[in-house]
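Order as written gives the chain letters A, B, C and D; numbering starts at 1 within each chain.
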Amino acid sequence: MTATSLTYFAIAAAQGAFKNVTVSERTAQAFADGSWILAIVYIVVALGGLAALVTLSGLVLIYVERKLAAHFQCRLGPMRVGWHGIFQTVADAVKLLLKEDVIPEKADKAMHLLAPFLSMMATVMVLGVLPYSPILQITDINIGVLFVTAVSGFGVMGILLGGWSSNNKWSMVGAMRAGAQIISYEISATLALLVVVLFSGSLSLAEIVQSQDAGWWIWRANGVGFVSFIIFVIAVTAEINRTPFDIPEGESELAAGFHTEYSGLRFSFFFLAEFINMFVVSGMTATLFLGGWMPFHIGAWAGFNGFMDLIPPVLWFTGKTSVVIFLIMWFRWTFPRLRVDQLMYLEWKVLLPIGFVNLFAAAVVVLYNLYPFPILVP
Amino acid sequence: MTVRVRTLDELLTPPAAGSSALSTQEYFVNMGPQHPIAHGSLRLVLRLDGETVKEVIPVPGFVHRGIEKMCEKLNPRQIIHLTDRLDYLSAVMNNWGVAKAVEKAANIETNGRIETIRTLMSELQRIQSHMLWWGVLGMDLGAYTAFLYAFRDREIISELFEETIGARLTMNYVRPGGVMFDILPDFQEKVKKLLKYLGPIIDEYDTLLSGNVILQERLRNVGVLDGKKAVALGCTGPVLRASGVPLDLRKLTPYGRYGDVEFNVAVGSKGDCWDRYYTRMEEIRQSMRIIEQLIDSIPEGPVNVLRASARISIPEGTYYDQIETARGVLGVMLVSDGKSPSPYRVHFRSPNFNNLWAVTALAPGWRIADIITIQSSLDLVIPDIDR
Amino acid sequence: MGRVDFNDVKHETRTFAGVTVPVSVVPRFKRQAYPTRFLFSLKSLVDGMRLTFGYLVRPSTVVTRQYPENRATLKFPERYRASLKFKFDENGYQSCNGCGSCERACPNGSIILETRKGATGKNEIERYIWRMDSCVLCNACVEACSFGSLEMSHDFENAVYDRRLLVYTLNRYAGPTANVLLKEENLEAREAMMTKIDAYGGQVPMNGYALPTVAALGTPREKAATDGKGEAS
Amino acid sequence: MDAQALLQAITGVNPAAQERPNTNVPAVQVPVAGLHAFLQVLRDDPRFSFDFLLDHTAIDWMADGKFELVYQLFSTLHGHTLMVGVLIEREQPLAPTVSDLWPIAEWQEREVYDLFGIPYDDHPDLRRLFLEDDWTGYPLRKDYQDKNMLQRPQ
């Protein structure tokens, strides 16, 4: 980092530049100012940025997953395409694009074609509300948390549809498992998320981030935040169907689960959706519990906080998201898979009660302002 | 005469939907022959009610090569190479099984060095086989890392075989009257190094999988096979021993050097998947114990008491001999008419063929995912079923 | 210490089938109160994660061997069996006299010998055909050969695009053994005894069918052996 | 019980049982009539208690026009083994099933049916095992011919 940018961020921090300005706000402002061209540029940049984010994070995550998996397992992983196989995912993507797109004869063709896009769409929509930095957010909905829950829950439609329309028993079983699993774990995830909503007093993601100015919720709430963090990570791992909760596609049980009958491009959509999903839920975890783009602040230690502000918010967000992604990958390459009834047991008999108790505790914490660095009532 | 020959199609008529509005229709699903759990080509036809398994119909035969028929045209030396292809993970033990049967039938006396080398190689192979099983069980249950750790460590034993025998899997090592190659001068040293390495590694396996609460819950009380039933179903090897029946031919009718060494037979107490799992883990440790005792006491002598061109003639009669492989009792029945150099009929009592049918008794009532667990815990090698 | 104590292997002696058998009863699950069980469960998960993390941060534990990049440094054990080869002495003479013991020892008919009467009236090898497509590399032929004419080589990269190309002629010339040849002092007379068979020096098509680049073989014995198999393409 | 005593006890139970020569295990030869009852005695009589059917297979004695069924029995109580041989006619063969005595016999008998074509009376599920349902011929019979069989030099 050069000295100039250091100074820039120092000044920006001093001037309170960490105030949220979303892309949609800028667009609206441009409209109001009558500069149509600027408004269109903003829209195009936003759309292009999303598309780039989907593609890039997909490619990078798949590569990272393969490399990490390899090194967890004493292997090297991809080494051939490019330096240390860095272009392996690109090569694979090209291969998938060129592969024949097989639709089973007895499948419901329209639904079969639609399912991967539904799955992908639900994921991409969440990307639009995630605050990557104070100035990098497509739009901030005042019910952002609710939106994310609703839309990501919609992703299961794609999986159900894909499994059902394939007209394959394995796909069907996988899809049904996915439906049961995702809907169940949504409850725990929402309960954990409500804790943060209680703390920050807002449903808007940008405001939730702003509320962690004096400390992230994971450590600032006397353990309550940490418990809900754990619950949230477990629940979202289940929601995105990753080991140890990958029973909808458990490859040794159901061949490939709901996407058994998919090939080529359409398979790659499911595949990509899984990885974007991972990015989304990690981003959400980071936003809710790890302060999103908010640098590491401790209460009112102005000097320390100012020093932390020198690191740009985007890096904070990326770093925190990466940590959660690493955690989820680490789970996958260590644990065996749960059985379907154990999965339900874990949700309904373990996570859910803990989640309720935790929510109650959070309410107490909020009510009596029991933070290590109490929020100063203005 | 009440013989009624059926076909598979007759069994697979789809059941009618239940009469009540809430009852669901049962359905058939083919698990295999091309399925990750098949570990080769085994077809399991499942009758399912939702996720619950009602019935399992194993349909073997996809790797049937007619080995018994082939043996009728080969001389005893040539038969050995076919036994590599029965249970390919216990190749040395299978070789030894036939060699031992031939030696008994033709009254061939071997010496201490031969028997020690055979015992050592068998135990190495048993460890290797159980390691592979451990990794595959991990993979079947979704822990892919275990699979690669197992292969990493198995490689060391494979390399030992490669150096001594020249092949890694289908070794064709034990011959009637001896073994094909003598051990290399640095063999003992390498085996000792291997044992030193394996001790902590097996503990590491315990940390990674055995101790893992998910795995424990997947295996605990799943697919309980009690001792009486296991005997009635003809199970042998770790499957039977996990049910608490200590049938181990190494103790029962000691052959090779097993009579001279101290080791325990690992047994389970309940006969569920966990017992089958941990019986094998314990067997690895016991095999290491056997190797430890034998590795420094290899007597001198020739490694084959017969010349390579010597004709082995089996006198007329019916001979049955058995050996404990990594998966159970391999019985070899040789029938000779005393005229031709090749036996009149050869039959292999393969451990996997007899262990397979336990799945029909164990699986009903469990979920699809438990079939995976049960199958993995039975540790089947498909070519040995089909022969 | 989780739910299962792995050191808790009970050593007993049991009588089974009239034999006293020392047994090790494998450990099973202990009864634990719910909170203890919960904590130990979490600990077991963390233990596993610590183990895998240990491997992640130690790149020295990587065991991958990058074939084919490491072709130059590949080492094979002396006894490694990958393909069958003829042994030739320093003059390029073979020691095989066509006795046929390898052919009889071969369990699946992968060796086909064509012999002829040589100039000295002895049997000598004309063609030594090795069918790699059916060979299982069991070493029986090498063992059976009393003259040490055969060996297993380390050439393991034998993949071809046509199965018929897996049939090899191992000898380089049709003719007598080194012993017979070396008795003959005259080099030209020696040469006269040998028929170079370059055409069959490498791969030959199976079953006598010609390939675009390889001439038809068609030995009568081979034809008889594979009659009615319909390998034509 | 050692081999000699075992064989004596068996001839006491079934006078038609003869000791089978040229084997390395205790072996008897019995007629097919009353085979099921005889095997049931072997299983249930506490002196024998052969509770483990290790193996069951057949031999095709084509020259004699006979099939021989071979049962390998083992007792987990006494630890003795016994080979029981039964000759049946090669033309129109029929054998009694023992799958009600030892459940594993169900599949071992299916294998014999599949490869030898010996049908079993009262067998609960007599099907082809390895080969397809519409396979013609029984491969382990000595007269089975297949054009893909290797003609190798003897």
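In this text, a residue touches a chain if its C-beta (ideal position, glycine included) is under 8 Å from a C-beta of that chain, and two chains touch if they have at least 3 such contacts.
Predicted model, so just to flag it, every value in this text is computed and none were measured.
If each chain is reduced to the average of its C-alpha atoms, the one that sits nearest the average of all protein C-alpha atoms is B. Seen from the C-alpha centroid of chain B, the farthest chain centroid is that of A.
Distance between chain B and chain C, defined via averaged C-alpha coordinates, is recorded as 23 Å.
Rounded to a whole number, the gap between the C-alpha centres of chain A and chain C is 52 angstrom. Centres computed as Cα averages put chain A at a distance of 65 Å from chain D.
Looking at chain D, one finds that residues 76, 79, 150, 152 touch two or more other chains.
Among all residues of chain B, those that touch two or more other chains are 145, 152, 208-209, 212, 214, 245, 247, 252.
The set of chain A residues that touch two or more partner chains comprises 72-75, 333-335. If the chains shown are joined wherever they touch, the resulting network has some other arrangement, not a path, ring, star or complete graph. This structure has the following touching chain pairs: A-B, A-C, B-C, B-D, C-D.
Within the complex formed with chain A, the residues of chain B that make contact are 27, 29, 35-37, 51, 138-146, 148-149, 152, 208-209, 212, 214-215, 217-218, 367-370, 372.
Put simply, chain C touches chain D in their complex at residues 16-19, 100, 103-104, 106, 108-109, 224-225, 228-229.
For chain D in complex with chain B, the residues that touch the partner chain are 20-25, 27, 51-55, 57, 59-60, 70, 72, 76, 79, 81, 83, 85, 94, 102-104, 106-108, 111, 113, 115, 119-123, 125-133, 139-140, 144, 150, 152.
Residues 45, 48-49, 51-53, 55-56, 59, 61-64, 66 of chain C are the ones touching chain A in the complex. Chain D contributes residues 75-79, 147-148, 150-154 to its touches with chain C in the complex.
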